[in-house]
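We just call them A, B, C and D in the order they show up, numbering each chain from 1.
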Amino acid sequence: MKQFERTFDSLLEGMQDLSFASVRRWKKQHPGAKSVAFFPVYAPVELVHAAGMLPVLLSGAGDRLDIQHADSRFGSFICSIIKTTMEMAMTGHLEPFDGLLFSSICDSARNLCFVIKRNYPQMYVDFLHLPHSTSDSSVEFLTEEYRRIKVELERLSGEPIQPAALRHSIALYNIQRSLVRQLYELRAQSPHLLRAWESYVLIRSGNFMPVEEHIEILKQALDYLPTRPGKKRDAIRVVIEGAFCEQPPLELIRLLENAGCDVVEDDLAIAQRWFTDDVPISGDPVHALAESYVHRSVYSSVRHDFSKPRWEGMAEKVRSTRAEAVIFLIAKFCEPAYFDFVLFKKKVDEMGLPHLLLEFEEKLFTFDRLRTEVETFVESLVFD
Amino acid sequence: MRIAAGVDVGSTQTKAVLIGANGDGVKVLSRSLIDTGANVRKAAEKAFDECCQAAGIAQADVGFVVGTGYGRYNISFGHTQMTEISCHARGAHFLCPGTRTVIDMGGQDAKAIGVGPSGEVLDFVMNDKCAAGTGRFLANAAEVMGLGLDDIGPLSLRATRPVKIATVCTVFVESDILSYLSQGKKPEDIMGGVHLAIAKRTMSLARRVNIEPLVTMTGGVARNIGMVRALESVLGQKIIVTPDAQFMGAVGAALFSLEKLGESFESSVWREHAVSSGD
Amino acid sequence: MPLVAGIDCGSGFTKALVAAQDAPGSELRILGRGRARSGINVDQAAEEALEQALAGNARSDLNYIAATGFGRYNLNFRDIAITEITTAARGAFFLFPRAGAVLDIGSQTTRAIAVKDNGRVNTFKSNDKCAAGSGMFIARAAKYLEVPLEQVGNLSLHAAHAHPISSVCAVLAESEIINHVSSGVSVEDILRGIHDSLADRAGALLKRVGLKDELTFIGGVAHQQGMVRALEQRLNVKVNVAEDCEYVCALGAAVLGLRRLASRN
Amino acid sequence: MAEKPVSEYRGSIHQQQKDLMLDWYQRLDHAAETGEPPTVSMMISGNCVELLEGFGAIPQYPEVNALQLAIRHQSLEPILAAEEMGYAGDNCAYVKADIGCMLKGITPTGGRLPKPTLVLCNFVGCNTYVKWFEHVAAFTGAPLFVLDVPFLRNDTPSQADIDYVVRQLKEVVVKLETLTGRKFDYDRFRQSVAYSSEVEELWSQIKHLAKNSPSPFDAYFDAITLMGPLYVYRGKREGVEFFRAALNELQQKVKTSEGVYDQERFRIVVEGPPPYPYFRTFRDMFASWKAVAVASTYSTVGGLWEFGFRHDAKNPFESVAMHMLAQNVTNRNYLQRYDQIRRYVQEWNADGVIIHFVKSCRLFSAGQGDMRDYFTKQLGVPTLYIESDLEDPRYFAEAQTKNRIDAFFESLEHAKRTAAHAVSA
């Protein structure tokens, strides 16, 4: 099992590969098969999988792509992931994908959907309206919306999606998500066995590989990690909140840990653990997916359930992981996260929890400013 | 001979140009360049005065003066005003015949201008709310490095492994630079990185206009060879820079003055255009 | 008698402060201060500054060296590295224990720090992108307005009516200043406008971390009376400025160094 | 550059509009004191004001408060107040101004604003609204109902979309019955829908008058002034009367060919909200070129009627749903907006397009560079792109903005002259 250590590096490599070699490889292995990419945050990957296509969750371009065209289409005050995704499109990086789906997370992402639609007519580009309310009519509507997408996907793949196939896909993703949940429990229990950046790499790698492969990797990880050498350290248990869409540089997550934080919970690559429980396999699978989204999703700044305030979800996270502080990690220009920060901050203040707000962009090369702020935060908690 | 003047009151420097027209064409008679400083009105007068002296021409003999640049409304002796966008296009068209795109990097604006066959502005884009890519951006970077504005360009050309600059926010680039210095990075690599970052950012915006050859660079930053090379590498084509790059706005203004003097579309200026845009 | 040094490795200058504690629990006594240009070699600059700060005491008598500031990790002979935010709070608290907040306007960044009653950092906030304004900004404005930096503070005191700078981006604000100049606004009024707008921006940061009736103002800009008065008037608080305000972080480092030393023995 | 002409509407309807809006604010003030009539906070975009009539309730529009504040140069104080409590520089300044006012008890008119009986988030397209109204509810303690309007993914809404919205509208009715203790008056609702269709017909005719040259009014700056009654009084007799008067007055101007300026030099289409903190300054920049807006997308935020849609008293709920889903600019997809502007340029015979990017509103602004690309490169329509904000005065750079606008019209002018020259030669 020792060789598992090397897995992190290979996964990291795949994660940072903008040529999407893994996708190209998969398509070579499955002649004629297609691949559909999703813009963050959540995506009904089961529908794509059931259609015999490879779903891929995009996460921007990190620090590996310079913006040389996208500024001409998107102006100031627009977040980085919008521009890097546009840049990827304008520089042919999205070529391996036959379809691209967006959902109702924010206004910028939605407009990007239609801008890409105009510029790349050969590609199947669609917009998925995920309800902002949780009434029964929302479930009914989303079921219909999924049926609409299903028809489009069937047109793309040329094959009808059989209910049995969809149930099979749901079952697979149920397994994947439960393994990811176990991984998070392990980390919250013994952060010294699994560093935050490692768990991040482990789950985010699921974004671009077949779910079957990802399940194997997660199983190996869960077998190996408990046996992994490592000693508990004196660190502050923190929850990371706000990085659900644009992803922070890995270096920033490492920086948090080196500065003396144990990240015991986070909302990084949140789609990999979107549901709080398994999606039912009985009954109409499309309805099951819709019903699960409306009633059994994790709380998120881009999903609204006004019967369960999101800040209560955060409070619950803090309690269940016995966290000592919350670090708000918010992408520059991310309006949903910044709006939520106000009400979340109100909550952490009520709870008497120390918190720190850090602004990031997926592309950062120097970290002195951020390091100083994180270290100060830690010092303010450890020095008497 | 008809004599006309153009005065370009920029945010950092004020430029004046005299041109004369007679039967056999139009030529630049003299130029002057001074720091704008805190008194814009005076700067304009001084530049104009120096320019006339250089040409040995009495101010009274100058038929018409067009003012341009941010301080254009402070030119007490100016007869009318034009924006520097129109003037740069006209000037570049005149001095660099065949110009189809002008990239102007000035003190507080960076612009790309699409130029038509008769020197008219077809389309233009200027730096948005973010001041990246302006001359001041470079000046600030140079200052943080403790370097002179004239040194950074040549220095940046010596970069072997240019550093990566993520943000083009002037303020944050300054702390980036400090970080790199404390990491012991070489000044030329830091400056190389800064120039490249600005070039990419500027072109990314400039692509809003059709960038067609010939591309002429104007404005104070055109003197910065490092910036010119960086832009060429990002753009993938040659950029023309004349010794008069900085005076382009003033030259254009002077040409408009000449037009106002009746040297209109039928004038030698326009005949010359016809010839130059023919080849 | 334990001897401790706090060394603030700033981007421009390295400042050292040596202090002693005569008896356990007693007030710490400052023995000397020293500064040197930081340059490339932090250790060298630190040694130089330390030499002055030792004020005759033997280098070998130093029991503990706490490094702070931008280059803290480049100081190889440190016992501990602490951020300039933590040490600013401690130093300010040592000098003005009643001030609940610290404002630090350096050349690059502006920072507001809320201090707990024992000198610990409660919360802090730095100016962010697109909303910058710091010493460097004033320096550039002064240069453009052809005013020596040391006169800026006084000139702005003699403004007839301040001419506000509205833009939050430092560079666009510079353009605004230029446009004010083009429209003939007096240098005094512009400088006062700059101080007022910086004060407002600092005020916004301070209110976010929590501002009461007294604050301690540190950093290079603290030398400018115009800025101090702008803060007092617009935030309507008591503003403390230490006469040697550039040593506050070094002092804070010494204070914390002494604590670590005590906890070690 | 020509001398500066008068840059304001000359006529009587602007005063009538002021009176109507003042009357509305007075009724809100009365509601604040007596609790009567019930009030509902809604967003302007795709508002369902007709539904409120069924309860004799009146609307509150946070945006109207915010923009009134900005026009009166009072928006910065509440914005700063909101930022002090944690709102970011990058959050929509409408929201910050509104929340800031709530905290500081500021209102645009000085009168009081009632705690809304219901905060009805008729979210159409603008994701920020979901947050905004959630915050309003959180800070006022007023009950919140989020009316989830599916974004228009294709050119027309599906039956599922319409059914979904109708179902929710009926849920709102039930909710309001319990909150107000009043029975929903279906006939009054239907009557209101009928008034709306009349108003919409009149408003549409007004919009089409701008096809005349000279245009009798500025379809951006003047249209904005006429929008108030459109949102507050659309479903009422007063609304019908006001817009009939407006149409008559403007038709008279057309008869006597009285334009906005003594001589109309340029016809433009404007995309994006205006910089309210510098509304007059901004208008003057166009006035100095005698450039008149013949159409604008912003004036279709509340509803898009010049292309034929009307509310329908025969199917009141369905037509209200249709209006929310497909007949306002914010819930229509981005490419439909391109096409809307294209039609304006061609059918209203414009010389160019002005795109005003506002920092606060990503719904409007994200991707406007691509929009510009479509017009300049695909259609060859001269297009100017400028940036500031609709509420936050800190993002308006006067000299830069004027410089860009002057340069744009200089180039249009030059193009006209070159063309003229080409003909004469």
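Basically, a contact is a pair of C-beta atoms (placed from the backbone, for glycine too) under 8 Å apart; a residue touches a chain by one contact, two chains touch by 3 or more.
From a predicted model like this one, the values you see are computed outputs, not experimental measurements.
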{"item": "By count of C-beta pairs in contact, the leading pair of chains", "value": "A-D"}
{"item": "Centre distance in Å when subunit B and subunit D are each reduced to the mean of their C-alpha atoms", "value": "40"}
{"item": "Chain centre separation (subunit A, subunit B; CA means) in Å", "value": "46"}
{"item": "Multi-partner residues of subunit A (each touching 2 or more other chains)", "value": "71-72, 75-77, 332, 368-369"}
{"item": "Where subunit B touches two or more other chains at once, by residue number", "value": "70, 108, 128-130, 167, 172, 175, 178, 182, 208"}
{"item": "Sequence positions of subunit C contacting 2 or more other chains", "value": "70, 109, 128-130, 172, 175, 179, 182"}
{"item": "Topology of the chain contact graph, where touching chains are joined (line, ring, star, complete, other)", "value": "complete"}
{"item": "Residues of subunit D defined as touching subunit C within the complex", "value": "80, 83-84, 86, 89, 393-400"}
{"item": "Contact set on subunit B toward subunit C in their complex", "value": "9, 11, 36-41, 70-71, 73-74, 107-108, 129-131, 134, 136-137, 140, 143-144, 167, 169-172, 174-175, 178, 182, 184"}
{"item": "Residues of subunit D defined as touching subunit B within the complex", "value": "1, 357, 359, 369, 372-373, 376-377, 382-383, 385, 387-388, 395, 397, 399-400, 403-404, 406-408, 410-411, 414-415, 418, 421, 425"}
{"item": "Subunit A - residues contacting subunit C, complex", "value": "332, 357, 359, 368-369, 372-373, 375-376, 379-380, 383-384"}
{"item": "Footprint of subunit D on subunit C - complex, ascending", "value": "128, 130-131, 166-168, 172, 175-176, 179, 182, 204, 207-208"}
